[in-house]
Structure formats: structure tokens, C-alpha cells
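What follows is a single structure, and I will ask about it in a moment.
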Amino acid sequence: YDLLLKNVKAFTTSGPFEGDIAIKDGKISKIGGDIQEQADKTIDLSEKYLVPGLIDGHTHMEFPFMGEVTADDFYYGSRAAVAGGVTTIVDFVTPAKGQDLLSAYEKWRNNADPKVVSDYGLHMIIREVNTKILEQIPEVINKGVVSFKLFMAYKNELMLPDGELYKLIKRISDFGGVTGIHAENGEIINELIQEFLSEGKIDPIYHYYSRPDIMEIEATNRIASIASMIGKDVKMYIVHTSTGEAVDIISSYRRQGFKFFNETAPHYLTLNTDFLKRPDGYRYVMSPPLRSDEQRTKLWMRLASGDIFTIGSDHCVYSDAQKKRYKEEVPPFNEIPNGVPGTENILPILFYYGVKKGIISMERFVEVTSYNPARLFGLYPRKGTIMPGSDADFAVIDPNRKVRISADVLHSNINYTIYDGMEVEGWNVMTIRRGEVVYEEGQVIGKKGSGKYIPGKTPILL
Amino acid sequence: YDLLLKNVKAFTTSGPFEGDIAIKDGKISKIGGDIQEQADKTIDLSEKYLVPGLIDGHTHMEFPFMGEVTADDFYYGSRAAVAGGVTTIVDFVTPAKGQDLLSAYEKWRNNADPKVVSDYGLHMIIREVNTKILEQIPEVINKGVVSFKLFMAYKNELMLPDGELYKLIKRISDFGGVTGIHAENGEIINELIQEFLSEGKIDPIYHYYSRPDIMEIEATNRIASIASMIGKDVKMYIVHTSTGEAVDIISSYRRQGFKFFNETAPHYLTLNTDFLKRPDGYRYVMSPPLRSDEQRTKLWMRLASGDIFTIGSDHCVYSDAQKKRYKEEVPPFNEIPNGVPGTENILPILFYYGVKKGIISMERFVEVTSYNPARLFGLYPRKGTIMPGSDADFAVIDPNRKVRISADVLHSNINYTIYDGMEVEGWNVMTIRRGEVVYEEGQVIGKKGSGKYIPGKTPILL
Amino acid sequence: YDLLLKNVKAFTTSGPFEGDIAIKDGKISKIGGDIQEQADKTIDLSEKYLVPGLIDGHTHMEFPFMGEVTADDFYYGSRAAVAGGVTTIVDFVTPAKGQDLLSAYEKWRNNADPKVVSDYGLHMIIREVNTKILEQIPEVINKGVVSFKLFMAYKNELMLPDGELYKLIKRISDFGGVTGIHAENGEIINELIQEFLSEGKIDPIYHYYSRPDIMEIEATNRIASIASMIGKDVKMYIVHTSTGEAVDIISSYRRQGFKFFNETAPHYLTLNTDFLKRPDGYRYVMSPPLRSDEQRTKLWMRLASGDIFTIGSDHCVYSDAQKKRYKEEVPPFNEIPNGVPGTENILPILFYYGVKKGIISMERFVEVTSYNPARLFGLYPRKGTIMPGSDADFAVIDPNRKVRISADVLHSNINYTIYDGMEVEGWNVMTIRRGEVVYEEGQVIGKKGSGKYIPGKTPILL
Amino acid sequence: YDLLLKNVKAFTTSGPFEGDIAIKDGKISKIGGDIQEQADKTIDLSEKYLVPGLIDGHTHMEFPFMGEVTADDFYYGSRAAVAGGVTTIVDFVTPAKGQDLLSAYEKWRNNADPKVVSDYGLHMIIREVNTKILEQIPEVINKGVVSFKLFMAYKNELMLPDGELYKLIKRISDFGGVTGIHAENGEIINELIQEFLSEGKIDPIYHYYSRPDIMEIEATNRIASIASMIGKDVKMYIVHTSTGEAVDIISSYRRQGFKFFNETAPHYLTLNTDFLKRPDGYRYVMSPPLRSDEQRTKLWMRLASGDIFTIGSDHCVYSDAQKKRYKEEVPPFNEIPNGVPGTENILPILFYYGVKKGIISMERFVEVTSYNPARLFGLYPRKGTIMPGSDADFAVIDPNRKVRISADVLHSNINYTIYDGMEVEGWNVMTIRRGEVVYEEGQVIGKKGSGKYIPGKTPILL
């Protein structure tokens, strides 16, 4: 064997076990009570928790948006990922206006391949509809990009009208793909933004007021209604759901046999609207916005119940200078680039606020951080489980490590974190990606470009 | 090793793997791609599916009810179980009127221990409330009986008033136990029975008319309301739910953070009300009754979505003679003993109508037939998963075996089956219980009394 | 004419009109823009609002309950009524245990006839089921008692089990009657009371904690489920609904074609739980208990929307001495007689907090205070409208009169009011009952015994 | 008096009365048991039912749409109206593309004034947003056009995007106006139409398939969500609701204090989808389309419960030739002008299928056919009630008259009716408009142009 993990306390969606794991050629070879065979390298994991390497299904590295490119390129971003126990990210190919899907795919591969430390997969954003784009959908799926993302918000930018959403979901579904939806009513949000600006209301908190809960709930209901007409084979998920009511709409469809799911992000579980009122409130501008504590609680309950299917960080990092558009003053809320860091924070937040606080089990932790994303994005069973034959991707948690979160202990290419000062118990202390230790105790060891593109397969029954 | 399973294609809730499984002292020792070590016995499972041994959390062996004792005693019943790939049953201790819980527990242990072929656990039925019974609840839990069952139906027999239900759920919950509920409004059902009898309506179909869907839905809503007042630590499940609406009520509580769950039974998924109108309709009398096809579909959808947590057979077998109370004529519907066989049918029904028909995944199959019951009844992770250290309990499915179901191919102590003539694809061909082959190709090999009582632990977070 | 009302500004459910009303033989004879004919008496109502005399469908005069008889007998109680613009009360015949319905009816007629100042109708409480009682139901209806009341609360007192509720609703419905329900789960409430008492928690606030919102909601759902099985001809109303959720359950049935309705009481619209924490909190003990402000708001919204069908005061008055059971100290919460005054307060509360505050229209005011109760209790169109041929029953409101409510301005036989210190705008200044001025500016003029029993007819389509 | 109606049996929303009605100067002067005074003309209405003249709040006379102008101009259309007991229609000013609101208003007044036999009011359709249009909204309201209509359907024609809907509802609401909404998702419908056409599916039934129930439900939910953000003063109604679920969404908002309402049309209550499959199916093409019998039943239940607020006919008549676009063959479904006759059928359908069949009371009949539309469109209390001072508008129903409906007995300018062959009991035999008999026993007597424009006032609390 190449690597032998001894005295493992492992958690999977089918339960804990204690013993050893033998790894060969980057894959799990054997799992057993006591493996005596030889290995090139042996690591003793006593007192630690082992979980499948996290899969962050929602990152935007080197993402061109609102006139800026995110500060974390694929190198910095995937370094942060592995530091957080994330062994696979799924990033968004974002074609420019007029660009075709395949050339955008090539561009993203070219961006990512030489830089990634984690493994990665790709989603495809579609921002406009034409014959070429419709034709390329099956070709893109053949390249391993089996999940797509469409926007109901960002009018004049990424937003698509209902008719085109319908047409695209149908086409994607015809070839077995999955459609992700940013569900907010961009038409109304645009009106509200204009209203506030015309009244001189430009502070970051108006970002929240311009994106009311009900406009996410409405859009979620709308897209579920539309997709339900296409049929029960349609696979769809609502990204970064921030309201309990939107979760409940999707669950009610699932109970009727539809394959609709929800993702949420760590910041919706931990932070609230008040952060937008702070002097550094501009840093907390993302869409959908931070909500009330009541909504936070609703999301935790639905995470515990299994109604929320995956956690994705929506990692989309802008430096302070970018957030302020290189000005002294905070710019009007609508000019602040939308996005926050997160891929490195999924593990401590879910572990501490979820598992340690007694809200979710370790089984659910594993389910939403690796098992479900792997299944939804077609990476399973290669990723997302601890089974012989699967990739040897692991995060090693010290369940008792106390950490005060600050930019210093994190790895993004920015000098702040939205969780500054938060004290958690439980921290990722080692990351193993395809049998290789890529992170250990604060140090990213994995080499630039050592990560691999993992083509997805169209997901089967979920 | 004692046993080596080669060329396994295993399914668990954390996914499939292909390889070998080594077993020692009745437990899983190693799981690996290719285990070369020696074993006393080697079985090649090429072309088969391996799943964790099923856990049937709802059986009534040697059950005294309505003046009869069920025809399957622990020997016959557990033989049928292992023939159906069920390696653990959880049966109901049923105290007589006036009997205390511990002496009833002893009686059931004495009944079961010398006879069981499968392993088994026990639930405790409580039919009356007094100081002794309340005091014995923690003692019973210490004996490994961590789940209880209370009745909202069977007036003058097992039914408890709301106040006593409340008191018992609270007490059970204080000691970490789980409460199962038979949720039908027994008061109203009793009225309807009297009405029909007084009008001379005595055919089996009136069994259905006397137990309308809404009386299950009402009772489910009532008990969920009551239990919710006690707190979010209460663990409760509704047994044999037969309506989609009752499932949805429970799910809506789970989305608010309550630990409430549903069980359904194979007959509610496959048979409908019309069976009660057949000449042998008396055989199909069980409670709740068979419902409409619309309800059947709703249940399948909720099984697929994860809203139904476990499958239990409610195996409760009466011979034809018992069903007819030893008369020529079919007796009035209310005198027919309630119950049908089922433990041997869980696997083929779930596999064929669920997995093969494309409604549920193998992951969900495993989840509802072993993983979830093990967790709910405190048998996990000893039972309910395929992991090193867990009991080596397996069902081996030939996914292509075609079988026409009849009493001849089954093992209960009766000469009929409610699934007579049903043609399925996929059949259990071997059952391994703690590393021992107890069933193979139609033959139960396991010895009488070789099964063990498995004490449950109070379940942790689900 | 006997009486001519000039310069009337009248409000009815079909709108306002300005003009004159001529009255003869106690009935409305003519309504017109300008009636020039002669009358024995003429009253100028310029600057006032005229509405149909209120019908308080929920009073308990001379009510024997919890060991006390209410302080307002039919004389005092009906004086308070007419002082509040209420020209008809509908009181509850309350048979003693073992008493048959007809003899209880006779007793109530004998109590009321010599004393009433207002007109009155009667409901029949049924507290037990036997052959005689079932037989008397049609006879009682023939006497004009077309509405009945059954209790799901007050265990060991008035509470009936579900089976008997079913049987009675069916029988009442067979003869065209209406069933009123006190919907709270008396079983659970009884448990909670015992729990609190055993913990020494005896203050009035525990009255509230022992009767949680969800136990009203549950009971409402239960009785609606049960009644819905009988058929769409069943007419049922939930008395004194105190939660928005209970209203919504009933509305959802009405949208399916059921004739189910809700009543609420003025105190649920104006007071909240905090009143129970005051030194005189014992005065505020009634069932269901006062709720949160959130529930208050929900009730107002549903009153405005038409989902609440009638307002009844649940006038049930105990003196301070009675409330304290003739002791110095406030007795344990469960020994305080349940009930508060109210018949005199319906008008000012609905007018000021409803109409003046812009929540309900005058049309809705009339609808819930006279038109709907008249229809529901079979008094319509004799009562409940301003139309030629109807009884000349009116309340005359001075819309600008400011009053600070205190026991001094009210007419009940007690020395306190639960609305003490409340300042309202709008007050009843004259009450006309069958063409006779029975109240004017603080003085009850109507003679003892001048009121009449008004037999109800089984209500038609609502 | 000018006119005296003797022996009237009148129905209003505040109940029936029997007696006489005296009329002077077109207004109700007196209502009384027995009016002895003199009148120029006396009509004995023994054996008849008198109701307030119906208000049809939804007609399209001389309506230019889909390249045709409706066959009923204001003369023919208002003749049909009065023949059906409708004394007031509220028609839609429909500006041409680019036309401003006031000039369109003038055009409609000029069209209508010389021709109308009934009285009439006007709604204003807004099909585009610009500064001038926004500015004219208050001016239009000053002209008495207090209700507006916006479209979520008819893409590229009348449909407005969500942002403009929001802006318009807000502006209309600022000036006290009411917004009517055609709620169907025009984006998706457009896609479905294109799909069907591209597959050669052109028969009228595809009109139905291209406008699924859920696309009305979705749009209703969307517009209610949007309007709810503006505030509780917003008054909005969904026109021609054809699904029970859309009604329930609106009701749930009303229960929260919003002033949102539903209208439905007689054809949704009586006809179903199958009519589109007939050889003359093209005649039954209207939007939303005819639905299932299940939806028909849901609508009746919600009409009975009060959840449907008004009945409007959506009278929009095209000749057979127009419907077929002057061709031999039926054109593709999307080219058939949308619309059916109806104003003359409201009364017999509501009376026979509603009142006579025992589903609704006469009070509800009056409420939805005159009282509620009068209140919603600001015509009340001048119209919509029988009270002194109100306009003397009446329909006189012979409750026992049996009529077989055919084009012969109707008065529209077309040679067919969608209710051909329907046999009803109950028919309008006389219409009185402002004290003048304008229709009697099949003959329209009212003169062309004798109707008046009735300016609306912004409606108060409903």
C-alpha cells in the first residue's frame, strides 16, 4: 500500500467505524478492523475524526462579475479549499456575453488545470439562448459538465426570462443534466434598487431591503411550477437557498416525486442581516442577502431534517479594495461586488454549530458536505464516500481543537474574513486528496496543479 | 477469517462498492478491493447484490390478539424472516391486561430465545397506566427495550386516552426511549363499526369503510400536536402509516426540528381496497386498512423522497381457520383477526416495485430496510450497515431471479399469501446472520434458537 | 305609525342609507328618503349611526358552573345587553347531570321569561348521551332551540368523547340543527393542570400555560375531521375561537363546501396573556385563555377577511368574591370560575378598534354582530337586518362619543370590568327593541320581563 | 312617485323582504310593507324575485384584439346585458400601442355614450409604461375610472414584465385605485404554443394544453407576492380565475389582511375542457381556457364559501366568421380570437346551477352579482343594493320559468351561444334601470344611448 491510516474513527452516511484504511494508487483499497499489511507511509489518526473529503459544489474562482475578477484564482481558491478539508470544488464556467459554451469550458479548464490543488469539477452557466448554445448542451455534458446554472436574478446581466428557463431546463434534462437555479425575482429587485437609489438610500443594508425574502420564495415557487410541467425526470436544485419557505416549496414537490433539491451556504446559517449595518457591512454583501435569525433557525431545522440537500459555500471572494471599487467611501450598495469567502469555513461551521451543538448528526454532516453533492453532480461513487474503490479523499477533524477564526488562520487571497472573531471547537487538521496529504496543520502542502479535473456523469436516481 | 465473501457488489447507504468482505467471529473484519488472506469458508457472490441484512421493525410473533394467537410463533416467524433476507426482527412485547412490563418482557424472552432463527429485538406495548408501569419504563429500557408502542385505536382493548398518551410519551422520552404510535381515531372507528353492524353491513369491505383515511390523518395530527408540546427531544414514530397526508403532517414537524418519523408496510404500497371485496377478502383485513391506488402512489412518492423513514412488515399471521374464527362463513368484519403476513415479502416488493421500476435507488432501499430501523431502534451501528466491526448480517439478492409468489415459496405457518400470483424480478437467495449462512436457495439452514436477543441502546440524533 | 326615526344614517350588510324608518307593531314598516306620515313618537337621529340591534349569540346568565352560579341573572344580564346595543341574546340551556333536555329547557324559560329586558333565544348544551336525550333532540328543535353546544374540554364535567360527539352531531344535523363546539383538548389540559398543581404552580398565569394554543388548534382539526365524515349538510361552528390557525382550519373546510364557521369573542381581540399576571389576574381567567398579541392580530385580520363569522361575548360573570371562592387569597388557577363579562362591550370594542381604526367596514361590523348570528341561529330575517317586516331592533351609536370604560358606566351585577380604563370613541346611546326604546343614555328603561323568547328556525343555506 | 313596485319579494345581501318599493327620479325612494301612495306607474311583481340590477364588471364591447373588433358593440352588448338583468356593465378602455390613457378614455366614452342601453363604468387597461402614462393615472381616476387592468399573459401584446407590474400597482394604489390582473404566465404559454405549433398540434384543444392550470396558479402567486410588498392598502383582484388553487392563494393573503380578491366567470362554472374537442370547439376558445370538472367543482365551493368575490362575464364576442378568421377551416388554435359571450348568461347560470341546485343562497347570489362588484369598482352604494337613495336598478326573476338556451333567446350580435341546448329554470323577465323598464319578456325596450356613464369613486374598505 501507498498509505495506511491507522486507528481511524471514520464517519460516513452509513455510519461510523473504527479501524484502519489502506490506500493504493490514490484509491481506498481496504477498510478493516486491524490491517497488518505493510505500507509506504503510515499515519496514526487516534483521537481524530475522519470524514470523506468535502465537496464544495459552489465556488467562483477567477470569476469575472460586476466588473471585477474574484481575488481567489484557482490556485488561491483551491488552497483555501483543501485547508478547509474540501478535496473537490465544483466551479462555474461563466461564458462571456456572446461566447459559446465549449470555448468557455476550454477557458476554464485552462485557468484551472495548471493551478488547482484540490480536485475540481465544473458547472456551466448559461446566460443567453441561441441555436449554438442549445446544440452544445449535450457536448458539454460529454465533457463531464453535467450540471448547469441559470439565473432568475441580475437583470440585464445573467437573468433569463421564464420562457428561456423552460426551454433550457427541458433541453438539459433531455440529456440527463442537472439544472441549478439562482432563484430571486430579478425584475422586482431591479425596481427596488432603483427606488432606493432615487431616494438616496445607498448603504449596504439597502442591499437587503432590495431583495426581500418573498422574492426568493416567489422565484422558487415559479421555477418549480415551470420545471414540474416538463416531467418527473427533471433534476433541479435551487442554489444558496436562504429562506425556510423556499425549502418547503421544493420539499413539497419532492414529496410528489419530483427530483428537486436545495442547497444552502454556511453564511445563511450563521450570520444575519445586522452584519450589513456594520462599518464593514460592504464585506457582507452577497445575494441572496443575509436574513433574519428566524430564517437562520428555519434553515438549521431543515438541514437537520434532510430537507436541505447540500451545502455549498458560494465562495466568491473580493478584496476590500474591490468591494469598495477602489474608492475611499463605500460605494452605493448596488455597486459592491456580490460575494463572500466560504469554502474554508464549511467544515468548522457545520461541525461546531451543527454537530457539536447537537443539531445534526455526523451522518448528516457527511451527507450534506460530500455524499449528496457527489451524487447530485455525478461524481459518485468515485467521490463522496469511504468505500473500497473510491478516491482516497479525506478530511481529518480534531474534534476538540479550539480556534478563533481570523484572516490569519485562513488561506484566501484577502485580508479579512466574514467570520472574524468567531470561536469554534473542531477544526480540519489534515486533508488527504487521492491518497496524498495536501494539507496539514495550517500548511498547504499540495502542489499547484496537482489537482485533477473530475468529469461528472449524469446523475442517476437520487 | 471465518468467512470470506468474494466478488461482492455491495450496496449501503453510502454507496456501492465492488470487492471482498472478510468476516471473523460473526463480525465484519475487512472490506477491500481484493482480499487475498485465507478463510475457513469462501463464497463467491458474482452477479449478486449484497445488502445489509434487513431489519423488520414490526412483527407480531405468538401474538395474542382478538382471541387468537398468531400462527407464526418465533420459530416459524423468524424462519420466514431469514428466508426474506431479514436478519433481525423487532417484535412487540404485549403485556396482558394487568400484567406488569418486566414480567411480560420475561415471557417474550422465554418465548423467543429457544426458537428464533433470526436475531431479534423487542418493543414494549403499553396498554394501561399505573404507578408500577411508569416505574418500570426505565428498567425496561435498561433491558434493551428502548422503543414502545401506544395505541390510539382498538377501543376497550389497547386504546389509551390522550392524557395517558401524553404522560407515557413524556416518561419514555425522559429516559431516552422512542414511542411508536398506532394512529387511528379508535373512538370514531368504534362508532362506525356499530353503525355498520346495526345496518347489517358485515362484509370485509366495511372494515375499510369503518376506518376512513381521515381518521388516520386526524390521529396523526393529534399525537404530533401532543408530543410537540413535550419538546424537541421527543422521538416518535407513527407505525404503518397508510396515507400520504399523515406522512406530510409528520414531515412538517420534522422540518421544524422535531424527531418524528413514519413507517409504512409493504401491503400499503402494493395492494388496494378492492382486495377486501374478493371472496377471500377476509385475508386482507388489517388495520389500518388497504387504501386507494391514489394513496399507494402517494406513499411510493414519499418513500422515494425520504419522507417515509422505515419499512416494517406488521407481520401478524392468522391461518384461514383463525381468520374465519373456525366457521364456515366469513364472520362479520369486526370479528376477523386483524393482520397479514409480510416479513418475507419486504425485500422482493421493495426491490422489484421500488428499485427495478425506477422509483427508489438501492441507497434508499438499504436506508429504509436496515439503516434507518437500526438507528431508530438503537441497534446501530452494530446492525444496519456494512462496516468493519458491525455484525456480518447480509441478504444476497439475485437481481434477475423471476419468482411467482405463492404460499409454496414462502415459509410462514399458513397455507396462503396475500401476494398470491404476483410476479417479481429479484429475490433473496442467501441470508447471512452474524457470519453464518442461515438461508440458501429456499432452504432455511439456521438452527432453532440460534438467533440472539439484541438489546437496543437509546437512539442518538437521527 | 308607532314610531318614526328621522334623519337616520343606517348601516346594514347591504350598505348605508340616509333617511327615515317608520315602525308599527314592533316591526319595520317603511324605509324611505323622507317619510312624511304621522307617528305617535318621532326621534331625530341626526349625527348618529343606526345599526341592527346586536345579537349576542353566546351568553351564560344564571349559569351554574364550577360550583357557582353566574352573578348576572337574566335580569341583570339582559339589562347589560340592551345597554350595549344588544337586543337579542342567545343563552345556553345547561342541563344538570342526569337531567333531560326538555325539563332543562323549561327551567331556562322559567328563569328567563319573567326577567329578560332583551329578547332572547336558546342553545342547548348536551353533556351526556342516552336514549332519552337522543330522542328529545327533534323535540327541542321544535321548541325553537335549533343550536346545540358540545364540549371537547372540561374533563369529568362537560367533555364528551369523540364517539359521542360524532353521534350527536349526526343526530342534530339529521333534524337541521347547528352544533357549536368548545374546541380544546380537555384530556391534555387536564394532564397539564395536574402537572402544574403538583409542581406548586398555581398562579392564574398557569391557566394559560395549561391550555396551549395548539390544544385548541388540535381539537378544531379533530372535530372538523369528524364532522366532515357526516356530510356537507352538517352545520357546525366553533365557539370562542382564540387562534388564527383554528380559524384557518375551519375556512379550509368551508372552501371545500362544508358549512363550518367560527365565532370569536371581544376579549380575544383586545386583551393578551399579560393580564393574567396582574394582581387581579384571576378576573381574566376564562377558557380558552387570553393569547399573545400575535394571535390577537391574526384574529383581527380574519375578522376583516370574513373568515370569522360571528362575535359572541361569552358573557359569563362572576363577582370578585366568587372568582376568589370567598377567600382572601386567590385560589389555585384551576379553582377560579372561568368567565368574564362582555355583552355590553361588543359594540364599543368592534366599533372603536375595528371600524374607527380602519380594520373593518361598517358592513362587516353589522355582519358579525347581527346579520350572521341571526342566520346561524335561525332568527333571520326576523332579526339581523333592517328591512320592512323585520323586528324594529336597533342600536344607535354616537360615533364621536368618548368613553373611559369602568364598572360605573356598565350594567352588570359586579363591581369591576376587564376593560377598566380603556378609552374608546363610539358608544351606544340608545337601544330600540321591537320599536320600544329600552335604553337611552346610560339608563335602561326596558321593563323586567318585557323581552320575548324568540324561537329559532333551523337555518337554511348560509 | 314615478314608479311603484307592488308585492315585491326582494333579495339583498341583508336579506329578503316582502312589500313595495317606490321610485322617484330614478332612485329608490321608499321601501315598505304596504305603500299606499300614488305613482304614475305601478307594476305588480307577485310570484317574482326582485334583485339589485346585476353589475357585470368584465365586458369587452367594441374591443380591438387579435386583429378583430368584437361583434358586440356598445349597443348590441348593452342590449344583451339588460336582457340578462345586467343594469351596469364595466368595460375596458383599451389604449392602442403608443396611445395615452386619456385619449383612449375619450374614445371609449365616445364609443359608448351614444349607444349604451345599460349604465356603464370603465376600467383602464395599461399595456405599456412611460412617464405620460404614469402621470395620467390620477387624472384617469378623477374621470371615474378607478380600476385598472394589467396583463401577465399575451406576450408581445399586452403582457408586462414583473417590474412594470410592480410600478403600476404601486402608482395606482397611491391614488386609491384598484388593479385587476389577468394572471397567467405568458412567457411559458408562449413557449408551449410554439412547441405545439412546431409539432403540428393546432386543434383548439391545444389552446388548453398550452395554458396549464399551474401557469395560472403560478402567476397568481407571483402577483400576490409582488403586491404584498407594497402594503396592505393595495386593492387588487384577479380577473376570471379558473382554478381553485389560485382562489386559495388569494384567500390566504386576505386572511393576513390584504385586500386581494378573485373574480370568476360563468363559463368556468358550467363548461369543461371537453367542449374544445367538439367540431365547434373554436367557439370555446377563451383565456384562461375551460378546465376540468374537478376545477369547476372547486370554483362552485369557493363561490359558496365567499372566497370568490365577484362574477364577471368576460363578455367578448366574436362571430363564427371572426373566430375562423374568415376561412373555411378552423385556424390554428393560437389564431382564434379569444373570447366568448356571457353577460346575458350570468343570471340564469348563477340562479339555476347555484341557487336552485342548493349551492348558494340568494344572499350570495346578490353579493357576487351586484353588491361586491359595486363595492370593488367604486359604484356603491349608488349601485349594488336596494336601499332608499340608491339607483332603482333591478332584475326581476321568474324563478320557475323554464328556458332552453339558444341563440334565439339571446341578444348578442352573433348566431350561436356556448350554452346551446342548456335547460335552466329561472329567467330574467324584466329589467329596470334607474326606474325605467328597459327590458321585458324578451324585448329590449330601453333606448340606444339612454344608459349613463357612472363614474366610480375609489373604493373604501371592503
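Every chain is named by a letter (A, B, C and D) in the order it is written, and numbering of its residues begins at 1.
Going forward, contacts are C-beta pairs under 8 Å (C-beta built on N, C-alpha and C of every residue); 3 or more make two chains touch, one makes a residue touch a chain.
Small disclaimer: the values here were computed from a predicted structure and weren't measured.
Undergrad: Starting at subunit B, what is the smallest number of hops through touching chains needed to reach subunit D?
TA: Graph distance in the chain contact network comes out at 2.
Undergrad: Counting only C-alpha atoms to place each centre, which chain is farthest from subunit C?
TA: A
Undergrad: Quick one: subunit C and subunit D, Cα centre-to-centre, how many Å?
TA: 38
Undergrad: Indicate the whole-number Å distance between the mean C-alpha point of subunit B and the mean C-alpha point of subunit C.
TA: Each chain's C-alpha centroid was found; their separation is 51 Å.
Undergrad: Where the centres are mean C-alpha positions, what is the separation of subunit A from subunit C, in Å?
TA: 58
Undergrad: For subunit C, jot down the residues that touch at least 2 other chains.
TA: Subunit C, residues with two or more chain partners: not present.
Undergrad: Make each chain a node and each touching pair an edge, then name the shape: line, ring, star, complete, other.
TA: Drawn as a graph, the chains make one closed cycle, so a ring.
Undergrad: What's the complete list of touching chain pairs for this entry?
TA: Pairwise, the chains that meet the contact rule are A-B, A-D, B-C, C-D.
Undergrad: Which of the residues in subunit D come into contact with subunit C in the complex?
TA: 12-19, 22, 27, 29-33, 35, 244, 247-248, 251, 254-257, 300-302, 304-307, 358, 360-361, 366, 371, 380-381, 384-390, 460-462
Undergrad: Across the complex, what residues on subunit B touch subunit C?
TA: 155, 161-163, 166-167, 185, 187-188, 190-191, 212, 214-215, 217-218, 221-222, 225-226, 228-229
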